[in-house]
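You will see chain A twice below: alongside chain B first, and alongside chain C after that.
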Partner chain A sequence: MNATPASSSSPSVQQKYLTFTLSAESYGIPVLKVREIIQLLEITPVPQSPSYMRGIINLRGKVLPVVDLHRKFGLHPSEFTEQTCIVIVQIEGSAPGTLKQMGILVDNIEEVLGIQASQVEEPPDFGHAISSENLLGVAKVQDSIKILLDIDKVLAG
Partner chain B sequence: MTLLKNASLTTKLSVGFMFYSLVPMGILGGIFFSVAEDVKQLQQITLWTMGILAVSLLVFSVYLGRKLSAPLRSCIESMQAVGQGVASGASQVALVSNTLANGVNQQATSLQETSASLEEIASMIKINARSAHGAKDLTGQTRAAAEAGAQDMENMNQAMDAIKSSSDNVAKIIKTIDEIAFQTNLLALNAAVEAARAGEAGMGFAVVADEVRNLAQRSAQAAKETADKIEEAIERSTNGVRICVKVGDSLRGIVDKARQVDELVAEISNASQEQSQGIEQIQTAVEHMDQVTQMNAASLQDCSSAAKELNAQTDTLHGSVLALASLLEGRENGSHTGSSGHSDYSHTPMPSGSHRNGSHDHSGSNGNGMNGHRSRSKTPEAMAMEEAIPMDGDFVDFSN
Partner chain C sequence: MSPEKPININIESDAPLLQEFIPEVMEHLENIERGSLVLESAPDDASTLNMIFRAFHTVKGGAGFLNLVAIGELAHQLESMLDMIRQHKLRIDTNIIDLILKGADTLKNFFTEIDAQVKGLQPVGPITFPTEPLKERVREAISGQSAPAAPAPAAATPPAQPEPSAPQEPAKAKKAKKPKATKAPEETNTTPATVAPAEPAAPTAPPPSEPAAAPAPTSSDAAQAEPAAPAPAPAAPAAPTDAGEGGQRMDKAQMARAAAAEQSFVKVGTQKLDMLVDLVGELVITQSLIAQSPHLDADAKQALARSFSHLHRVTKELQRSTMSMRMVPIRATFQKMNRIVRDVAAKQNKRVQLVLEGEGTELDRNIIEEIGDPLVHMIRNAVDHGLESPEEREAIGKPAEGRIVLRAFHQGGSIIIQIQDDGKGLNQERLFAKAVEKGLISSQAHLTEKEIFDLIFLPGFSTASTVTDISGRGVGMDVVRQNIEKLRGKIEIESQVGKGSTFTIFMPLTLAIIDGLIVSVGPERYILPTLSVRESLRATSDMLSTVYGRGELLNVRGHFIPLLRLHDLFDVEPEFRRIEDGVLVVVEFGRMTRCILADRLLGKQEIVIKSLGETFQDNRLVAGGAILGNGRVGLILNVANLVQPTAC
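Let's turn to the complex of A and B:
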């Protein structure tokens, strides 16, 4: 259970992803990366931090940084709504073998979705604001497309 | 005849006179001739004296008659003229009073028509006044109803506002339900995440989490639909409030108009009342005019009868004048036979309307045939007179 993409396993095996939306686009992250989904808390801005770093939250006594994926991806910044949530993810720390928790701001949580490996395709090289190296692939679910994010790489930069 | 009578009378008088004057003379003669005188001589003397006296008397009377006849005739002629003038004046008065009577009759008829029209107008005005009064009552009721409607509209506005606030409260509750559903959804998602982390062991739990999530989503959906409904209800109640405000404005307009109509109808009612009073005054005036006209008619009757009376008097005068004239004429006829050219006034038009007082008895003794002349000679003037003054039933015709 490291950075290996799910597509490497057998096609019949389904991976579970947590899907959410950002600016009407649908994204997915592997569910094992997710620690918790919480409602929007008060975010305290941190001075001299990157613009995508919205600030820090106090989650039951633990101080966690919160990243605004809108800003990270250069999308239109959207206002907070009642649907806005913070997904607490567990990613690899800066030192190898360590784990750290971070919050990511999403517009709306969709669901926990099982996606077959056969539904996943390689990310295209062009046409998107996100560089393809941050992607695990593109999943075709019914008529829509869900972009599967490699959240470790997204948050590493 | 009169003349003969007069002559015999004169003779008798002369004889008496002679007798009483000559007896003393005879006595004296007897004294002078001392009975020797013959009675025949005395008789001759007496006859002579008588003859002389008779002749002198005759001459004297003729002289006197001639002397008096001229002024008498002129007097009779002027009386005749005056009588004619008075008669024509009286007939004119009769004519005028007849015309006046016609006018007064027409006036009376017109006044009666006017009075009838006035009564009709008065009744119409009374009906008008009654209708105006009824209209006033009705407009008053309309106004009251419109005002009550406006008041009800206010109440309805308040009710609509209450509905709106209730809807708002329901919307708040729905929002709370929605939040709870959202949190339940999050909890279910978290449970699903945990189940996924548990791997094979968490499979059942994942199913439960999925069901819980489904429920939460259904709750959220129901809450959303309810919210939509509530939103719609709020929208409709807002619309209702808006319409209520408009209806209230319209009702206020109706109230204003009803007030104006009320005032106008009140004015009409007052005007009708005044008209009614005016018509009553006019009716009184017309009644007064009617009375005056009747008095005029009565006066005209008096005038007419006065004219008749005047005519009768004129007739009497004429009779008297005729008698006098015939007297004079008879004398002249006696002295100057064939000079009867002065009978022209017997042909003068005499009003025959007033012969009934029988004032012509004295003319019958002369027997001049004047009556026939007078009664037959109905000149146009007399005819007009008869037309003007209708003869009474007791009129005595003198034509025979």
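Let's turn to the complex of A and C:
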């Protein structure tokens, strides 16, 4: 199931997103990409990998990589707390037609939110400063803003 | 000759059917290939003939149902030809065997292409492979010699067929007439002696032809066994039924069944199997975590301790049998080699006898998948380069027929696969001269016999100028060795000029488990494959010397070995920085050695290897992960790269 960019579906269609926080910003990923949410486990660092690659965990006998989105996005790093979770997502592998699972570290899980396509705006253009190609869009939910991630693209490189 | 009909498949409606049909067809086609080779040496083997006939029939039926016209027509023609043979209106000769094999090949081409389209690997489109010339040849074969040859083959051929694989002959011949013999072929053919006494003699043995028809590979076929029996019946009166003759004939039937008979199996997706293995591994770890938990105080409570030891046994047993599910006999891979030897020998006008030994040896299915290509290459080489032509062989007093033995067996913790030929052997001087000519070594080099043989594994050694249909398929011996090393195996050569060569491949029992040495550096755990560990030692500070103040060398009993500090390489805060506090492990790969400094040696254990997935596939230092007793992941180090000077 692909995460359809909001602009291409009709305004009344509602998509569900899992929202979470990273350094006080609120992000969302399509809930269909989420396999499960687990407590923070001990992460084994893997030498000679990029800094945002925190390492690997043992998820019931499966070895999965864990990505630190703070580091990936250049956010201010935060301490691990009781609320820190690992979201296991299922994304496309590099070979077409394959799927792989990965963990992403998040500060806090908020909720599963239905967002109407009409609430979603195209990602703003920040010029060269920030690449917006990893974003599905920005959604206004009541007073706050949810940044909707194209998690396949975020974790591709 | 009518024009070739392309095949168009209807993906939307037929994909699920095709997905089920294709593996079944592939199995049938393999049976056909195997069976036709049996028929070539035992043309009157009714059960094999029936098996091939039924296989083509199934393909035809399915093709008709799925509207694969060209396939159906070809299968129909071949089926008719086989029917003629069944009725003794046609006799089996090399041409017929060729036609059957070619037919199976063509069908395989079709289904491989269809498979690719169904799986989306190829764009959907019309599929054409030439079938008309083949069908024409089949028609000629059918019309060419119809009636007159009728009962002749059955009577004429059996005595003229000396059994090629001699060793097991006497043992089997004695009990040959027993109808219960169906079980015997399950044993590997190298151990006939142990099979023979197990079965009681059946006093009322029916005529030999009947058991030949009765055994059926699957249960559904068993139901057809009765009606099938009359078909070969005419053969019985035609063949004289004296004891020795009958024994001979049954042997053929047994061999045929060795090829055709399969145990009953349940097909399970490999993903499910892998998941089961993962979960059982997890269960074992959890079990040991609980058992060691101090909260339980199991020592004080005897009943609890007993239950735990029972649980321990059960989980161990569960793990063992789960692991064994991944093991499959190498039989199918070996039997494919029959075909290759036959084709290559025919092209080169050589006469070759391929002897298979230890086909029942079980290997991890992943290894079996990977070992096929290197084996094909080496078998081709053995026929192509190893064996001499029949004339040459006779001139030097060897039997005209060359002999290649392909055997598999267990030794220690490894599986060994050997390819042995009785050909001309490797000529050391020629190898040396060629390597010098290609600029691979200097003409001054002093090499041991083993090093000279190993030259053939160098990339660029194989003579590109002699690329033929047979030995130029893009794999050289260097690729063969690479493939084997990728499976953590190794290959050795023994050879004697004029006597022949033996290639020996050593493989681990399974890809899934290694014996590992666990070391700690700070909070991290690393695993070194025990195979590459030479020794571990405590050092004193005077053993260390430096080069340029940086490169550290360790004097281990007179040998200077470069020191590699794991904490520096992996950027981990260690417990100890001085070499006399930590532990040193000497690792080697090929000729390279390194002395690795770690904090502590935690022990040696069998470790289930987990892939780290594509995210870390480019990581040169880490070969995989393993889940340790504390539930964390430990990294398995890739010693091959660790010992390279560029690693640090």
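Descriptive notes on the structure:
In the analysis below, the second predicted complex is superposed on the first by the 149 of 157 C-alpha atoms of A that agree within 3 Å, B and C clash if a C-alpha of one lies under 4 Å from a C-alpha of the other, contacts with A are read in each partner's own complex, and residues count from 1 in each chain.
As a working rule, a contact is a pair of C-beta atoms (placed from the backbone, for glycine too) under 8 Å apart; a residue touches a chain by one contact, two chains touch by 3 or more.
Keep in mind that this is a model prediction, so the values were computed, not measured.
On the shared subunit chain A, the superposed partners chain B and chain C are arranged side by side without overlap.
In the superposition on chain A, A:102 contacts chain C only, with no contact to chain B.
In the superposed three-chain model, the partner touching more residues of chain A is C, compared with the other of chain B and chain C.
In the superposition on chain A, A:93 makes contact with chain C only, not with chain B. Taking every C-alpha atom of chain B against every C-alpha atom of chain C, the smallest gap after superposition is 19 Å. Residue ranges on chain A touching chain C, taken from their complex, read 42, 44-49, 53, 56-58, 60-65, 93-94, 97, 100, 102. On the side of chain C, the complex with chain A involves touching residues 120, 278-279, 281-282, 524, 569-572, 610-616, 619-622, 625, 627, 631-635.
The residues of chain B lying in touch with chain A in their complex are 178-179, 182-183, 185-186, 189-190, 192-193, 196-197, 206, 209-210, 213. Residues 16, 18, 31-32, 34-39, 82-83, 85, 109, 111-112 of chain A touch chain B in their complex.
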